[in-house]
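Here come two complexes built around chain A, the first alongside chain B, the second alongside chain C.
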Partner chain A sequence: MSPGPTHARRRSVKRTLTGYLFLSPALVFYLVFLVVPIAMSLYISFRDWNMLVPMTGSRFVGLKNYTYLLTRDELFVIAVKNTIIYATGTVFVGMALALGIAILLLRVRGATFWRFVMFAPVVTPSVAVARIWGGLYRPAEGLANAILRMVHLPPQQWLADPNICLYSIILIAVWAGIGATVIVFTAGLKGIPEVYYDAAKLDGAGPWGEFRHITVPMLRPTILFLSVTGLIGAWQAFDLIFMLAVGGTEAGTSPVRSVIVLALYLYQMAFKNLRMGRACAGAFLLFLIVLGISFLVLRVLRKGGVESYE
Partner chain B sequence: MRRCAVLVVCFCLLLGLVATTGSVAAAKTKLVWQVHWSDFQVEGVYKGEGADRKLVSKGLRQYVEEYMKLHPEVEVEIQSVPMEEYLQKVLVARSSGVAPDIYGIYSLWGVQLVQNGILDAPPAAVVKDVHENYTPVSVTGATIDGKIWGIPMEVGNYCLVYNKDLLKKKGFTAPPKTWKELVDMASKLTVRDKSGVITQYGFAFLAGWESAVVHPYLGLLWDVGGEFLSPDFKKCVVNSAEGVQALEAELQLFKTGGTDPAGSVWTFPQEKVAMMIMASWYEQSLRQGLGDKYDKVVGVAPVPYIRKPVNAGYTWFLAVDSASKQKKAAWDLLTWLTAEVQKPKNTTRLGDLMVETIGSLPCRGIDLANHPDTLNDLYTKTFVEQLKNAKPEPNVAQGAEIKTILANEIVEAWHGRKSAKQALDDATNKIDEILAEFY
Partner chain C sequence: MSEPLALPRVPAMRKELEPGEGGKSAARQRGRRRRRVLGKLLLHASVLLIGLAMFLPFFWILSASVMTYEEVTAIPPRWVPSTPQWGNYGAVLRDPNVPLLKYFKNSFIVSTAVTLAVLLTSSLAGYALAKLKFPGRDAIFTFTLSTMMFPVFLFLIPVYYILKRFPLLGGNDVLGMGGTGALQSYAALIVPFVVSAWGVFLMRQFMMTIPDELIDAARIDGASDLGIFSMVVMPLVKPALATLAIFTFIGQWNYFLWPMIVTTSAPHLMTVPVGLRLMGTAYSTAVNMNKLLAATVMAIAPSVCVFLALQRYYVKGFVLSGFK
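And then the complex of A and B:
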């Protein structure tokens, strides 16, 4: 007697349950450390809570925290604007430079050594990076101004001038992260079959044509991956800016309004101003922005071999 | 069978022993004390290595151990937290139900801690003692809504710290007394390289540290007769004519080339700053930074004034958590440390700790009077003298947020992105919005 449909369904249910049983440690982890905190944050974002009293004692304020941030808080708008500049600068300028370096490193001797050199800042702690660059950027005795003087350009107040201090920090972030991007691009470049370039050469394509019509399209999955992960990371940037520009008695000289980014704004709102409701509302707005940008990047790059990312 | 019985008896005895030890431990009153002090301030200052290692200055740990010897039923755990993370730690500890019993509270945080029921009201004897024996500026610092909420621990104020060598090289034999003199001298003491970059600051502020922005400004504001907030805290009045005058006075330093926004008070030990307005606690850093040159270089004078000498003050006070199960034990420990007078020095233990190890000004009158060697030294003497001209920053709800707003707007004016009036108007509008929530 062959097993009937009920038996097959039972087996299928059992298999599914077994699967979930094996998945349960990971699911519990995500539930406790991701889903619950996100749900809690959403709940807090509708309340006026200062963390000094139990959350149950906080006041429900509806959308007030959101409307305050979007319509009345000048600093939040400045932080969003600064974050857009920071994210765009670090991710896209960083990627363009990294791609150039990765292409060059494929053609030079001792590429492994140079990749190691490029990667060293990635594993350097942010505190050390901030210290080193803080010294390089010193107006009087820093290396950055010494270079400018050598080429007869006027010296700058790299971290104190409100018009350039954010770009000075972007430069550091690009330097600190470029090694990892170079490695990923190198892997992507090595994955492009040589046969395409050979065919292009036979068709009379030059280096620019090869780059435009072969390298870039073939690197789309890599570019997509780096764009999305880079943008997500850049929108959460905190440590470097905190250490170089603000933060405690070892503070720098930067005008806070010129360098404040969203993560720093949220930290100050929550732990300094004791307005956890507003900070959570800001965090949710940040989440929506990152989600929107990720979708946008996916949409822009979906053609050309990356449909599977949808 | 017999062996089995012996094993069971042994196990029961062991269990009993563990239980007894546990119950003895449980019988102890455990107090957790959260401080914002660094390692040597907690553990004490030692000299020498190995067997020659000798305690030269007692830290909080030694005082606590002394108390535990006198009171074996009490166990005190010290939790050291960096100042920048102090309030966060309080919030997190309270949220998770493991709040410390004793805090050192920056007066600016006090209002919200009190309004939210975090702090325990001190016993009447403590309140009486504070009123009778502590310096007025520190009593005001520990007073919130007209009531004392703790024992003043540390009082801070500001003076002009200057580099005697750099002044002498430019022919100045004395520090400036008035703000006008300061502006004149700062521009003459500023040295620029060929490209116009300042290599030596006549005067330095620090844009990234709120206290270094707001406290010198408040001193000038009070000096010219202005006020920051209305007495009932319902309005910010910093954009008054006096407020603008005070900020314009600061801006004079920028306009005459005596400083720029890239200046930093932290470069004083490298002898790149001729003058700065600095707090009393900076002495140890200057000593370490300047080494043997300290006595030759460092000079301290009252903050130069426009109309009358005033300097901003702030207070840290010791408080007990209202949720503590050991409130009485906590206040007993604090009373022993802060009020029991030691003979023949006529000082308190906290006074000794503050003066000899922490490097801050104590708040109790006898501690200020009876540490002549340390408090009359080159650096601290002027700070002690200037306590009479110190005015505490107001203990207002959302004090830290309000301070940040004022600091950010002042820095905008320093950079020339806003006029003094515009910056103070903008600060006033934002601060008024916050005050309306709480008053």
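And then the complex of A and C:
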């Protein structure tokens, strides 16, 4: 005895209603804090607006905000270049180091303790990270140069040297983030079946051969995930550069242009210069860049390798 | 925790090696054995070195937070204070210029409220996406995932404006004009974060692992979806809730950009990171660096303690986020 068609439909309507009822807090939030703001950002990006007057009272300027950023503002181009260096440095150097450390830690006892030590910076507030490293990087009183002198290397000016300021901050970011990457790689490494290594040994593969032909291909999904999420985050990096380069007492004396990244540029454009149109146009350009990079990474890393992992 | 230089393992290794090596000459065997031991030593030495390098910044701030001002700024730098100045902590807490305790109170209110809200909204949405079938469900899930790609800078300006123009709040009229809207209240720091796409994703993934039979059985027994959700599903996803709670709490506790933007015009709402940074600029570091560092240690303590106490869940969250 099957229920009639009307009965079935009523049940499916009720199921749909229940589903949307459970989702309603999230959906209302998506609407108010995601969909509407994105639409507003797009609208603002075509206008000249300073937030002091109502948004609708702003002037329509067409694509001028976009063309200004791309062709007229040298600082925007510099910010993009710096962000490329920063994102590439933090993500790929960080991943290479983390993979090495994760492999080392699988071979020692007390690895949990060391993973824990490495994870502590991940949960440390960025303000504290900036303050700690601002102290360590002081040219005369800081421990960074004291250590360099101990191993007979020339001391550096760190944040005060425009040539290495950005790299000094990359070093901090790698320190602050590597613990998380090590944990994810460790999980990935533990997921590689031991038989593959046994087989490779039978075939006479050395440690390097095992690494190249088993570890790296098997870690492809992990590497893919870490690259995409890492790059999305790194292209928006703000806190450390803001605090160490322009916004705090730890700030070095390097000119802003030697460290400015996109997020800092957008922040200053919006909340210092009050050019909301340019800031929103820049945010969309940033979004397009992040989107492009993600697709690129997906294409490069998806090719070949272990497809079944997805 | 066992010490890293686990040398006692080496003799055991030697024994394992001995069989299969029968035909080789004794000298070559010894050489190979020595290389093994050397490699093991090198391995442990490098792990120790990396660990020390990672810990060094923490060691410095702990040590410098109990130094005198002269010691913090000494040239060449000092590694440890001659006598620990524990008074630095009390001094910065009592300093009337920096309401550190108020920053802590604000951070605690905001982080707790956001965490509770995220737990509720994520599990409700996660249940619908994992265990109910209805048109549009998969599209909503895809949308949830895709939102993680949008840069935060797409939202800062509009959300700031929406909060400022919120009707009937903070002196605003029905059209949202005339006042400061929701900007001068805790709501400005809490409401934009009450739903987390990552949280929805995490809860959905976790709830997918609950067998449908369990839910069907409860339904046959006459339970409503709300009943199934609260009596059957929620108790089973406690580990995921713990993970999400720690992530959200620590994330909010440490969050800097948005609180800074909002509290520029509302200093009474300043959270710990914003206040701490302000202390670095308002305070003259040249005078008070040691106390500044004591305040910094206090700012780190809550997130590190939460992490210490519940690290099992936190680490699990990191691993989970890596494997869909």
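The rule is simple: the second predicted complex is superposed on the first by the 273 of 310 C-alpha atoms of A that agree within 3 Å, B and C clash if a C-alpha of one lies under 4 Å from a C-alpha of the other, contacts with A are read in each partner's own complex, and residues count from 1 in each chain.
As a convention for this text, a residue touches a chain if its C-beta (ideal position, glycine included) is under 8 Å from a C-beta of that chain, and two chains touch if they have at least 3 such contacts.
This one's a predicted model, so the numbers in the text were calculated from it and none came from an experiment.
Visitor: First (chain B), second (chain C), both or neither: which does A:Q268 touch?
Guide: A:Q268: touches chain B, not chain C.
Visitor: Looking at the overlay, does A:A140 come into contact with chain B only (first), chain C only (second), both, or neither?
Guide: After superposition on chain A, A:A140 lies in contact with both partners, chain B and chain C.
Visitor: Going by the touch definition up top, name the partner, chain B or chain C, that contacts more of chain A.
Guide: Of chain B and chain C, the partner in contact with more residues of chain A is C.
Visitor: Regarding the shared-chain residue A:E210, is it in contact with chain B (first), chain C (second), both, or neither?
Guide: Touch partners of A:E210: none, neither chain B nor chain C.
Visitor: Thinking of the overlay built on chain A, is A:N50 touched by chain B (first), by chain C (second), by both, or by neither?
Guide: Only chain B; A:N50 stays clear of chain C.
Visitor: By the touch definition at the top of the document, which applies to A:P255: first (chain B), second (chain C), both, or neither?
Guide: In the superposition, A:P255 touches chain B alone.
Visitor: Counting only touches as set out at the top, which of chain B and chain C does A:A160 meet: first, second, both, neither?
Guide: In the superposed model, A:A160 contacts chain B only, not chain C.
Visitor: Let me test your reading of the model: by the given contact rule, A:A128 touches which partner, first (chain B), second (chain C), both or neither?
Guide: Second partner only.
Visitor: Enumerate the residues of chain A that count as touching chain B in its complex and touching chain C in the other.
Guide: Residues 51, 140-141, 247-250, 271 of chain A touch both chain B and chain C.
Visitor: Within their complex, state which residues of chain C touch chain A.
Guide: 1-4, 6, 9, 43-44, 46-47, 50-51, 54-58, 60-61, 64, 72-77, 79, 120-121, 124-125, 127-129, 132-137, 140, 143-144, 147-162, 165, 177, 191-192, 194-195, 200, 225, 229, 250, 253-254, 256-257, 261, 264, 272-274, 276-277, 280-281, 283, 285, 289, 292-293, 296, 299-300, 303-304, 306-307, 311, 314-315, 318-319, 321-324
Visitor: Hey, which residues of chain A end up touching chain C in the complex?
Guide: Touch residues, chain A against chain C: 12, 15-16, 18-20, 22-23, 25-27, 29-30, 32-34, 36-38, 40-41, 44, 51, 54-55, 101, 104-105, 107-110, 112-121, 123-128, 130-133, 135-136, 138, 140-143, 146, 175, 178-180, 183-184, 187-188, 221-222, 225-226, 229, 232, 235-236, 238-239, 243, 247-250, 263, 266-267, 270-271, 276, 279-280, 282-284, 286-287, 290-291, 294, 310.
Visitor: With touch defined as at the start, can you tell me which chain B residues reach chain A in the complex?
Guide: Contacts found on chain B: 82-84, 87-88, 91, 94-95, 112-113, 116-118, 193, 195-199, 206-209, 260-264, 266, 272, 398, 400-401, 404, 407-408, 411-412, 414-415, 417.
Visitor: For a test of understanding, state which residues of chain A touch chain B in their complex under the given definition.
Guide: That would be residues 50-53, 75, 139-141, 145, 149, 154-155, 157, 159-162, 245-257, 268, 271-275 of chain A.
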